[in-house]
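First chain A sits with chain B, and in the next complex the same chain sits with chain C.
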Partner chain A sequence: MIGIVFRMLVAMLLGFVLLPVVVACVAAFDARSVIAFPPQNFSWRWFQRALSYEDFQIGFTNSLIVAAIASTLAVVIGGGVAYAIDRYRFRGKAALESLLLAPLAIPHFTIGLGALIVAAQIGQSRDWPVVILTHVVLVLPFVLRSLYVSLKNIDPRLEAAALSLGARPGRVILTVTLPALAPGLAGGWLFAAILSFNEFTASLFVTAQRTQTLPVAMYNYVREYADPSMAAISALYILLTTVVLVIANRFLGLGRILGTEDGRP
Partner chain B sequence: MGSEALRLDGVSKRFGTVAALQEAWLNVEDGEFVTLLGPSGCGKTTLLNLIAGFLEADAGEIFIGGQLVTQLPVWERNLGMVFQSYALFPHMDVAKNVGYGLRARGVSKAEAARRVEEALALVRLSALAGRRSRELSGGQQQRVALARALVIRPRLLLLDEPFSALDRNLRAEMQIELKEIQQRLGVTTIFVTHDQGEAMSMSDRVAVMSEGRILQLDTPEGIYRRPAHAFVASFVGDATMLPGQLIRRNGATALVRAAGREFTVPTAPLEALAEGAAILLYLRPEHLSPEDEGLAGTVASRAYLGDRAELVVEVPGAGRILLRVPGVEALHRWPVGAPIRIGFTRAEPVAFPA
Partner chain C sequence: MLVAAGFVLAMAAVLQYAVLAHVPGELEPGGFSLSNFREMMKPLYAGVFLDTLRICFLTAVLSLLAAYPLALALVRAKNPYLKSAILIISVTPLFLGEVIRTYAWIIVLGTRGFVNGALSWAGLIQQPLQLMFTETGVLIALVHVTLPVVVIMLAAAISHIDRDLERAAAALGARPLRVFLTVTLPLSMPGIIAGLTTGFAWTFSAFATPQLIGGGRVNMVSNLVYSLGFASFNFPFAAALSVAGLILTAVALAGFRALLRPLNRVATR
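For the complex of A and B:
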């Protein structure tokens, strides 16, 4: 009896979580020109429309560029800071740590608005550097956290052993620390890229027509049209993210990326 | 006597307000196997880390092979270290792990391959050269760590409780193997352990440590039979302690009284005492045996261990005395409650200030 109730609860929870996804995906295949549920005639036309719409194409490319550069920068900065926080004691360490984790608690529109004001003040238009740096700020806390956990899980005696075997500190970082950290770096990068790729609120403030990311392009689209292209692109979004995660899981192990396993052999 | 491999001149180390190591003096000859023995927190690992260069001494100097190394960084000291957790590089196979120190030294590929092969043969792991460390058993990982430390031909081999993660049988096997390899190569070895059996069975000399001090540095026999300090006598081996008094000193030996009897003990630990002062007499259980003229008591408990048995004997007016008797004899003659007389003819008692 309790087993049945429990299973029903789990099923309801799953249904509740997945319902919007399922509805959006199904609506994408409707031949009619308005988003409606349930769909009536099966059609690929909205996928064709979504894939051929120029703003979406530009937005997709822009999103990929921003995600790639921003997450790479975030991993480099986050890696350095996480290493410093983990290995050294210095003045202002706690302040630095909380400052870098702060964006977790600050609304994205505040960050976007702030970035916009600063950019205007120093005479920057809403160009690539502003968009990318805003994304770096947004994803840095996540990257920092993930790399910090990965570093904590490296046995410090691995580095000690390498030093005792005659390797200089620089060589130890390259041949022992970085390889041991590789899953954490890759996971942190991927996590940052997915967050950046999906980011909307702050991007809305800092992007211009030329630099608009895919979520911004989608928002601009729904302000003018109400056809199922949106549903189609949502379905594509989910498909892409799923493929990336499946590949990542295959090569890295999701447990390690999400920090639920400690990554030690 | 060989030449000097390691010398510590009054090395001290503090962590905040804690004196982790206080003025350690140590001289190790070439090819010697010296164990740092003590309970956790005694400073033995601190001392090892100072020798290795992972810690910087607050005072004193360290010499390795006659060279002053106090300020030399770890990677220039040319030492082989084996860690308790093995610390094998998880992203490298066995051969790569063993060859790491050779690559760091810029040894040519052909030469490195030959020496890695040689080192793996030494620890009988040639067949596993291509394995990852996580595919190995604990004992195999231990051997890889040993080969990795030895392949660089270190001036000193440093071992930090290397066997504590292994089960008992494997540990005994690895002890014998390590000792054989160490003797074959003649490599000077500093071994850290809290296991007195391990220290006694493997070492040429043992440094017994407590609270940041080296209390005694001697052969295993010296540590056991002529402890210089009450802590050494109680930490190494079992002992029964009986309260008593110093009667008088006669040069190298002294006369003490305990449990109504007189015992001759070495004078050295009692130098500072006045006659009549309180002492503690230490007696090894295997040096005591049932004798007709002995001290009368009753068997309070008996632990049968096969080859031998341990009897705890209640002696009125003296307390409880532990003695070891052959197992068969214990079963037949000394059940709990049986009267027994303890003889001291083979005893090698030592006494310390109470």
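For the complex of A and C:
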């Protein structure tokens, strides 16, 4: 009895999560130029319009560039910091760690506002470096957390064995530590890239017309137009994200990256 | 180092601007002044703070209630395909970004949207329900935005529960509901606290949802900060509001933890 009630509850909640996603996908195929339910004539025209809309094209390219550079920087910096914090003791270690994790607790609009003011003060008005640096600050905490877990899971005996067989420390890092860390680095990079690609609020503060990312371009579109082009681009986005997540789940184990499983039976 | 320095500089700039005077018509701030914080005491702004706190609290509690069954089902599903499906469905929205999710809710809640279309098709309503530009509409969308992260927090906590304790309770004759209430629920208390506090902070950070679904009629601190910055170019006041927001969230979260700590102690004894 309780089992049935619980299953129905879970099904209803999953329905709640899926509802807007499904509704947006259905609306994208409606031929009329104002969204209304129930949908009528089927059409692909909004997909054509969304794909040929210049702001979306520029925003997509900008988002890809920013996400690629910011997440690569975050993994390189995060890798170094996580290794140093995990293996060495040094002054200011706790301070550095809490400083780099702090953006998790600070609203994005505050970080965006701060970045905007600093950029204006040093005369770097809303250009690429500011956008990318803001994204690195925002995704770094997630990269650090995912790398800590991977570092803790490396068997220290492997490194000790390499050292005792005569390998220099640099060689140990290159041939033992880095390969063992590779899945964590890849997972952290992917996670950072997805977060950066989706970041909106801070980007709204620090991007200009030329540097606007896709979420900012979409936000501006929703404010100005009501046609289903936005539903079409949402549908494409949903499709792309689902494919990436299913692949990530298959090869990297989403549950492990997110920490919803702890590996015990 | 550069990243840490940049972050510190940005936060220092916000703190610095918060105590500078705004010169109307000028981008450059004036001298030191606490006028921003006095201005904030006006009912207009104090009201936004109260609204924000209420919305954040309600969203956190509702998200927790909705997330718990999902997290429990996710951790306890035996069929691996079912498990993956629950994980992907409940986590996908996290990776869709606030703009797309908010837009999707506009289509669902709008006057000619899905809910009104379905209800009038079923003959249940004559007049469309007003859901857009209301706090109810904003809450529904915010719960959807906050849900995935609370599911992740809860699932992490539930997956760490030793199942032998539940089996022992069941073997001693406790019914499933009683096992849940006396063993599983108390042991997942750390996840509940983490979920509530994260949900609260996450909602406080939301901007696109109250902006687009609230449409100016439901305002949160984030919306006020943005419009002060980009409509009135009053950056000092925007910075002061951000600082007050940070302090307020910190106090609210500390209050949450203080309230829940005794519960947690009783639960894990």
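By definition in this document, the second predicted complex is superposed on the first by the 252 of 265 C-alpha atoms of A that agree within 3 Å, B and C clash if a C-alpha of one lies under 4 Å from a C-alpha of the other, contacts with A are read in each partner's own complex, and residues count from 1 in each chain.
Here is the rule we use: a residue touches a chain if its C-beta (ideal position, glycine included) is under 8 Å from a C-beta of that chain, and two chains touch if they have at least 3 such contacts.
Only a predicted model underlies this, so the values are computations on that prediction, with no experimental measurement involved.
Legend: residue contacts after superposition of the two complexes on their common chain; A:140 is shown touching chain C, with no touch to chain B.
In the superposed model, A:155 makes contact with chain B only, not with chain C. In the superposed pair of complexes, A:247 makes contact with neither chain B nor chain C. Contacts of A:10 after superposition on the shared chain: chain C is touched, whereas chain B is not. By the touch criterion defined above, A:108 lies against chain C but remains apart from chain B after alignment on the C-alpha atoms of chain A. Contacts of A:164 after superposition on the shared chain: chain B is touched, whereas chain C is not.
Judged by the touch definition given at the top, the superposed model places A:174 against neither chain B nor chain C.
Ranking chain B and chain C by residues of chain A touched puts C first. The intersection of chain A residues touching chain B with those touching chain C, taken from the two complexes, comprises 264.
Residues of chain A touching chain B in their complex: 155, 157-158, 160-169, 171, 175-176, 179-180, 182, 264-265. By the touch rule above, chain A contacts chain C in their complex via residues 2-3, 6, 9-10, 13-14, 16-21, 23-24, 27, 34-38, 73, 77, 96, 99-100, 102-103, 105-111, 113-118, 120-121, 133, 136-137, 140, 194, 197-201, 204-205, 215, 218-219, 222-223, 230-231, 234, 237-238, 241-242, 244-246, 249, 254-255, 258-262, 264. The touching residues of chain B, counted against chain A in their complex, run 52-54, 73-81, 83, 85, 87, 89-91, 100-101, 104-105, 132-134, 145, 148-149, 152, 158.
For chain C in complex with chain A, the touching residues are 2-4, 6-14, 17, 27, 66, 69-75, 83-84, 86-93, 95-108, 110, 112-114, 116-118, 121, 144, 147-148, 151-152, 155-156, 159-160, 176-177, 201, 204-205, 207-208, 212, 222, 225-226, 229, 235, 238-239, 242, 245-246, 249.
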